[in-house]
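Chains: A, B, C, D and E, in written order; residue numbering restarts at 1 for each.
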Amino acid sequence: MTLLTVENLEAGYETGQVLFGVDLVVEESELVSLLGRNGAGKTTTLRSVAGAAEPTVLGGEITFGSEQLAGVAPYSIAQRGLSFVPEARRCFPRLTVRENIRLAINHASDPKDLETVLDFFPELSEMREKQARNMSGGEQQMLAIARALAANPQLMLLDEPFEGLAPYIVRRIEDIIAEINDQQGIAVLLVEQNVAAAVAVADRHYILDEGRIVESVSTTQLRENEEMRQRYLGV
Amino acid sequence: IGGDDDGSSDGETMNGGSSLDSISIGMVTSTSGPFAVFGNAAITGAELAIEDLESEYNVEIDLSTDDSQLEPGTGLERARALVTEGDVDFLTGAVSSSVALRLAGWATDNEVTYFPTGSHSDALTGGECGDFVFRPSASNSMLANSISSGMVEASDEWFLMYSDYTWGQTAADAVQGALEAAGNTVVGREAVPFPSDDYAQYVNRAKASGAPAIGVLIAGLDLRKASSQIIASGIQDRTLAMHQLEDFVFWGMDKDAASILDVAGQVWGPAVDGGEDFKQRITEQGEMDPYIRHLLGYISVDQGVRAAVRAESTAAPDMRDALEGHEVSSPIVDMKGGGDMYWREGDHQLVQPTYTVTSRSTDAMADDPHKDWFSVENKFAGDDVTRPVEETGCSL
Amino acid sequence: MSSTLDARTRMQRLLSERSPAALLGALAGVLLLGNAAVQKPGLFIDQAIGGLVYGMILVMISLGLALVLGLMGVVNFAHGALFMLGGYFTYATMASYGLPFWAALLIAPIGVGIVGIVIEVVVLRRLYGKEPIIGLLATFGLTLMIEEAARFVWGASAVQPAKPEFLTGGTDLIVTQVGTYRLFTVAVSTISVAGVYYLITKTDFGLSVRAGVQDGEMTEFVGVNLPLRFTAMFFLGSAIAGLGGALRVVEFGIDPGAAEEFVLLAFVVVVIGGVGSIFGSVLAGLLVGWAQFLVPVVLSALAIVTGVSAINVQGISDIIPFLVMIVVLLIRPRGLFGEEGLLE
Amino acid sequence: MSHANETDEVGHAKSTDRGHDQEPSPIEPAVAPSSAVLGVHEMTRTFGEVLAVDTLSLGIEAGELRAVIGPNGAGKTTLFNCIMGALNPTEGSVYLNGSEITGDAEEQRPHKGMARSFQSNQLFADQTVLENIRLVVQTARQGAFSMDLFRSHYSVGRERAIEIADDVGLTADLDAEAKNLPHGEQRRLGIAMALATDPDVLLLDEPTSGMSPAATAETASLIKEVRDDRGLTVVLIEHDMDVVLSISDRITVLNRGEVIATDSPDAIQGNQAVQDAYLGGMREEI
Amino acid sequence: MSGESTDRATGGLPSMFERYKIPLGLVVLVVALRPLITSEMVLGYNAIASKMLIMMLFVAGFNLLFGYTGLLSFGHAMFLGFGIYIPAILVLNGAWVLPAGGNITFLVGVILALAAVAVYGYLLGTLIVGMGEIYFALLTLAFSQAIYFIVLRNPGELTGGSNGLTQGTLPDFVEQTRGEIAIEAFGLSLDWYWAVAVVFLLGMLALWQIVRSPFGRSLVAVSENEQLARAMGVDTTSYKIWSVTFSGVFSALAGVLLMIQNSGAAIENLSVFTSGDTVLMAVLGGVNYFFGPVVGAFSWLFVEDFLTNFELWQFPLSEVTFVTVDLSDILVYWQFLLGALFVVVVLTAPEEGIWGYIRSVASWLRKRMQQVRA
């Protein structure tokens, strides 16, 4: 069944339009990536779906399950089972690990409990009472994912979760994403520039360029089509 | 010449081609904030005076008022605007000593006649007196001298609590001087910031001093706060004195609380026997019951206009000549309750009778035809309570 | 903010930061107080109790401000105006509608809370996440508006309803007598502090509000209906301000000038306590209260001992809150319990 | 995901009471910290109970391009902060050209020849690109504080600023406000500003993070170019192993606040301890 | 954004006109202000024009600290106070070889005041510039209150306590007659407005030079991103301290003028409300612009002194009136309108203020005109 449908999405900022008709679909329990170079509009797409105040959605439709998301407040979208892990982690700096996760649990309709979540992240489990601002970038990234996971969503939007992470941790987090998707059946829409990581995790890939989806390919296709990678992703 | 304010004799002069067919008066006083009730009362009084004067003389009198916001600088600015832009002939007004002193300084420098309507600070007719400044109200020392006999009788030891600005400071000095001159002791004195919302700590100190009597020289509406905290601390049975009582302040409290005052000095009040007609007119205005500020507004305008008429000029030096040493004979003498009133030459103080009052018992406090909560104990002739010119520090 | 949880630990930490200078200062303080207590024992006790009572009143005045400042990051200058409105609403309820004091004590805070909601929805909502100064400026403007509106409705002079009969007069505390009404104020203030403290540190509501001030957008992404919560929070802060005004008007009356009179003092208390710490504000309120009552006694006692009468500075209590603030901030730049990075 | 002791290797900082259970392999080569251009001697920095940097010594030679890698939370940024004076080390000392600078004020260090870029963008956001750079040039010329009141700022450092902007490829954006630049260009502006201090030693904290692969490659060559042209000494924190391996002379690997290896790129790739602690079996290709 | 060379953002090299339009604007201002204010339409009086200039200088001095360095002082009245009180005290009492009332005494007093405020500003700055935003604001308030308290206590009978100094504070060269002030020097008589205008111009030009100098740009760097500035080698602490110092000196200069304008020293000029109004004026005008404080002070005083006295509003002019509206009832509550205006400014663009709006309207118009022409 189709979980998320984005149809002909147009969006932009005060400074100008950024998306010019994005179409994409995420099926239930699917792991899809959205690739594209800097400024292609990946973040803009995710933020539009999550209902952020900026960018302004100018046209098109976003359907989650059977509901239209246009004009719905972000918290209400979250409560319907869509978790968003934005760029730059955005952990609450003055809340502890426990409080960060607790918050998500308090406001989800069918949350996981704290211990289940922390089982995924032994390293966080050891620093429950540490405030997020005192954690390193990688630690914070884990916390951000843990927080999203705690809400037990149907769909998780991940915006460049590997940015600034050590290769080793990238692998950890790849595994975690795969595991979440695999065991819990949580669908994931993963935004990345790191094609290698995307390829390692996702089954299907959209390529975004200048605000339009220019390709929708399988992992194999992406692996094989060097020319496409070069053209849109510079790899 | 013992001047004669009586309309009949001056009327002739007026018709005799005098240039004075209109007089314009500026009044800068507090019409906003906690002192607005004082300022507005003075304006009401001034308007009544104009009514009377216009019907008495063939002269058009015009009153412009502006708000001093209780700030000397603002007051000065407004006063200056009234003089330069509004072309007023002379100035009146101010409810507080700070504003009055500032206007007085400027008036002296700029040759403008000024009647500081509501200020009691001794400095105004003392160290900071001025050529063109004439105080229509009684000074702190006049009031202090008035109540000192009552205070001396009531207790040998006193504790003084006073508002910490010119008015309170000079009042405390005057009262202490009067008490000590009579051989009494002041066991402690406390300056209280003004305004202040917390009198508890000062009341505590008054209490701890052990003095059986307390002088509460607190200005304006703060007197209410101080009184209610005196009651809360349980020392209301000690003798309480206030040198310059304005009935209005106590009208805001319940009668029980208002009845704690034992000795008080007063320039004038509804309890004074005189000016019944005036009181009636104020009451009819419907806004407020009559009290001293109404009369002060009236006196300022009355004396200013009459001086100009006598001098046939509104130039400050001419008005000064018409005022210095002038024996007042206008209706204000009667309103004040009778007695000698004259403008003293050396310091420009309007020497006038003063009163001491005490609060009536709760059930004797009348509310009709106007509020009458105090009764007069004594009346003093101005000359008996005014300090000699040599002691004022004023050299005019 | 979360560390308000373990106020005790923080207290210990504060006390454990001993330096020779601090020790010397403490010693000097004890000596001075001791001297005052010996010279004027009766007065000293009176003032100590009076200071405590007054301090709790300050806490009441500052609590709403501390809440809104520490948790929402809004420097709410209009706190004083809301406080003033609380007074007027009480007056209106009692004098104009003839309702009893108790009813006013309930109605006025709710009324002020509703005004707070309007302010939050119309103005403050647009300012979250911006520099704190901007909030200060906007609420400065609001203060002018509210003040002027009050002047329009109730006039420029002070108004005061009658104190409830059984709260007039004083209560004998054996060593001293304190106004019964003041004791009542202290009780209300204590209950409010305890309630607020519990709400913020122990409840889920408190958690989501704390998260909201750190990163509002993310809080919404997590599923929190933040606008509603912030509005609720501001309602609470305003209602507490209104309660403070309600308590005050009965004792002292209220006039439009009160809007600016108290807000500065409230800021001073909050800053001494350290922005973000409710516990700090409470302590700071008491500290200022005590300082205001005891410093003059200490000085006059010292003047007696040394024979230098100039030490007994007249009228010093007005400036004491500011002096306390200068001393505290020079020693601890973020106040007693302020947190690094919060509102700096 | 089958590593011997999983939690340790994730590389969050360890707590103070932990013993040294891991033998540091190839240690810092024989450059005494005090004789190198930039030397760090037994530096320790703690945050409460957390040991972010643990008795760490480092010697960077003149002209070297040194990469510092390590897991998140290894203490890389903290190390930079301590070197630049943004943080005070709990213990240990920092040397520049043989003289100790540990206690010097942060703002003095750029004037001694050190400069840094930040992990997250730090700019004078409302100012134009030109003015951002010009301000730094001005500061570099006039010292940390100068009461230069009698001329117009146009006459100080404009040309130099334009040159530097040209060097990093920002010429087209000179009049744009910094906050309106795209992310990648903002990072480049950060580098330009560091260069504008005219440093001998340049510390870059993840200069390519958030850049597209193309821009990353450009930046990498820019760094190398600058080093070669100006004879700079560069210390580079980077997670992008392509960049690290392609441009650095030597690589220092940090783990839990300690140096676990310093060696050439090739040797580091073959180092088992590094593999375990950081690289964790890097993917060679897509 | 990047037109005026001393607004906070600065771009490319502007033309000569662009570069010197601020001095030009200042001259136009002083020449036009009084005729404008005292014209039939506005019905102002002379003294208000000079007061406006004084307050403009004061607020501009304040804005050097707030707008350009990013430090909000909530106690700026204390600096004003130095300029008011020190010359007044000296003139009133004389000192040593200086006779009371002498012109030289006054000049010495002015120099002393500026020097004292510089030393005080420097020391105060050293003590508190390291504090966080709100802490800094409250500490300046606290120190200002402390000074207020000292003056109120009337130490040595010098300050006149709550009365201020009301008589004898003016030097001999100041002449007053029924509210008009003139400066009599070297056989010439200069109207007070023009005397103020000269000092105002000199002061504002000095301020302008400061903000356009390399020193001034460093201040801006400090306010925009202190952490970065320090990392780039800017001694942010010293710049802040000197900014406090300079700001204090300019404010004190305004204080000297205010003392003569008010013929004495009033303690309310030291009060927290003066400080608060200063902040309001700056923000109202626009803190990011050199002319912001000028516009802010003007609008504030205009509203305060004119609207309160405006009884009838006639449009278009009194001779040919079509509409007459009695505004007196509403304008009593002018502060409400002012508050509302303030809220609107802060909500829409706090850094822009009225001047920012005027500028954006002007540039919009310019664009439109170009479009029309094209």
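Criterion: a contact is a pair of C-beta atoms (placed from the backbone, for glycine too) under 8 Å apart; a residue touches a chain by one contact, two chains touch by 3 or more.
It should be emphasised that the depicted structure is a prediction, and the values quoted were computed from it without experimental measurement.
Counting steps between touching chains, the shortest path from subunit B to subunit C takes 1.
Counting steps between touching chains, the shortest path from subunit A to subunit B takes 2. Under the contact definition, subunit A and subunit C share no contacting chain.
Comparing the CA-atom centres of all chains against that of subunit E, the greatest distance is found for A.
Seen from the Cα centre of subunit D, the chain whose own Cα centre is farthest off is B. Contact count check for D-E and B-E (C-beta pairs in contact): higher for D-E.
As a whole-number value, the distance joining the C-alpha centres of subunit B and subunit E reads 38 Å. In this assembly, the C-alpha centroid of subunit C lies 33 Å from the C-alpha centroid of subunit E. Distance from the subunit A centre to the subunit D centre is 30 Å, each centre being the mean of its Cα atoms.
In whole angstrom, the spacing between the mean C-alpha positions of subunit C and subunit D is 47.
Those residues of subunit D in touch with two or more other chains do not exist in this structure.
Counting only residues that touch two or more partner chains, subunit A has none.
Shown for subunit C are the residues in touch with two or more other chains, namely 151, 314-315, 318. Pairwise chain contacts in this structure: A-C, A-D, B-C, B-E, C-E, D-E.
Chain contact summary for the complex, subunit D toward subunit A: residues 1, 6-7, 9-13, 47-48, 50, 69-74, 119, 180, 182-184, 206, 209-215, 239, 241, 277-283, 285-286. Of all residues in subunit C, those touching subunit E in their complex are 75, 123, 126-127, 131-134, 137-138, 140-145, 147-149, 151-152, 260, 264, 267-268, 271, 275, 313-316, 318-319, 322-323, 325-326, 329-330, 333-335, 343-344. Contact residues of subunit B toward subunit C in the complex are 31-34, 36-37, 164, 190-193, 196-198, 200-201, 204-205, 207-208, 221, 224-225, 228-229, 231-234, 252, 254.
Interface residues of subunit A, counted against subunit D in their complex, comprise 15, 37-39, 122-123, 126-127, 134-139, 141, 160, 163-169, 171-172, 175, 193, 195-196, 199-200, 222-223, 229, 233-235. Against subunit D, in their complex, subunit E makes its touches with residues 1-2, 5, 8-13, 19, 209-210, 212-218, 220-221, 224-225, 227-236, 238-239, 242.
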